[in-house]
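As written, the chains take the letters A, B and C, and residue 1 is the first residue of each chain.
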Amino acid sequence: MSQLTLQNPVFVAYVIAASIMILKAASMSWLTVVQMIRFKGGYRSPEDLKKTPLNPAPHPEQLGPNEPVDRSRRIHMNDLENIPFFLAAGLLFVVTDPSLPLAQWLLYGYVVTRLLHFLAYLSAQIHEIRAALWTPGSLIILFMASRALMVAVSH
Amino acid sequence: MSQLTLQNPVFVAYVIAASIMILKAASMSWLTVVQMIRFKGGYRSPEDLKKTPLNPAPHPEQLGPNEPVDRSRRIHMNDLENIPFFLAAGLLFVVTDPSLPLAQWLLYGYVVTRLLHFLAYLSAQIHEIRAALWTPGSLIILFMASRALMVAVSH
Amino acid sequence: MSQLTLQNPVFVAYVIAASIMILKAASMSWLTVVQMIRFKGGYRSPEDLKKTPLNPAPHPEQLGPNEPVDRSRRIHMNDLENIPFFLAAGLLFVVTDPSLPLAQWLLYGYVVTRLLHFLAYLSAQIHEIRAALWTPGSLIILFMASRALMVAVSH
């Protein structure tokens, strides 16, 4: 019997957590776009200095560092380092048939701490706060993957 | 009943779209390699300046910016920001049991616009063209993840 | 019948390989953290220069290049370029119902070469050694995705 169906409440919890995290990560591109439009900079390609309707007065500094855009990119990068592995570890974890409360704590706990981490990073909180909000998510990924490994090895 | 089998034509469409996108993203590393060999630069690690059979005449500029190699890396980075989330959102979308035509439009539409986006980026088209070819794919990811979220929440 | 259950020994092999690779990639963040603490640098955000209990004597060079931290980030980046696509291609490959020995060779071969690649990159081996250990994994991803594509297209 497959655990990967919506008849399995643990998989339903996974789909909810995973889809929120996908929406979060995919939205980061749009935040970067918004910041590039607001600050007219933080571009990356030489062709972005061509005169176009959206960039009527190009100048070379537009390719240089731009803190608001770079911040959005750093947050995005942090998502790329974490969320794909959450998505994969969560799926493997569902297959190990965990109890529903454990699954909900881990999956929803991941979502909540990642969203708080985003707010802390966006508002430039000190590193200690960012780290405290990043750590639970990383431990959840490591725990889910370790459990999947142990269950599979002993199968 | 699991939707994640090749007896389900929606899943077949997903496997086709997903495998093409994996081939595309994994090929970007090879494009970067080709450009590094052609332009003998765009390297990243100090040890890449050691004299070896493949780099018989090393010089420090090989670690500096190199537009053809950097362009390949930027396209690759754009893939990393998008394709893993397409792969995950598409899988969750299949589980929501969409109609086959809707699934084919979204999954194959994603593939087509991503391949066109690649050609536009590689040939250094202006940002407006790149953006126009990136946007449909991003909206498809957001739509598929939103639908998965709504279906799971109402389950 | 779903192939994605632990009753399928090919899927068991996938879960073992995938969970090891997730643990590997997720551990890279911790290696970067360890290097940042050891070398008190390689930071990225302006707010990381604020005086805090973990950074009692901040100075601007902490935001500049820092080879040990940057090396950890480069290895991590290489993981992001490869492992998510291994995770996805491996899952699609399982669905094509390969023989168990073929699946074990490809899945465990990927894990072994990626771990050796990590050791080569961490110890700054020349590019030729790094490339020789990266190439098998990339070819395994391309092979698994190609097989999934061919099986799905002919379905």
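As a working rule, a contact is a pair of C-beta atoms (placed from the backbone, for glycine too) under 8 Å apart; a residue touches a chain by one contact, two chains touch by 3 or more.
As the structure is a prediction and not an experimental result, all values here were calculated from the model.
Chain contacts in this assembly form a complete graph, since each chain touches every other chain.
Superposition angle, subunit A onto subunit B, using Cα atoms only: 120 degrees, a multiple of 5 between 0 and 180. Taking each chain's centre as the mean of its C-alpha atoms, subunit B lies 17 Å from subunit C.
Counting partner chains per residue, subunit C shows two or more touched chains at residues 2, 4, 80, 84. In the complex of the two chains, the subunit B residues touching subunit C come out as 2, 4-6, 12, 15-16, 18-20, 22-23, 25-30, 33, 43-48, 50, 52-55, 76, 80, 83-84, 87.
Within the complex formed with subunit C, the residues of subunit A that make contact are 1-4, 67, 71, 74, 80-82, 84-85, 88-89, 92, 95, 121, 124-128, 131, 134, 138, 141-142, 145-146, 148-149, 151-153, 155.
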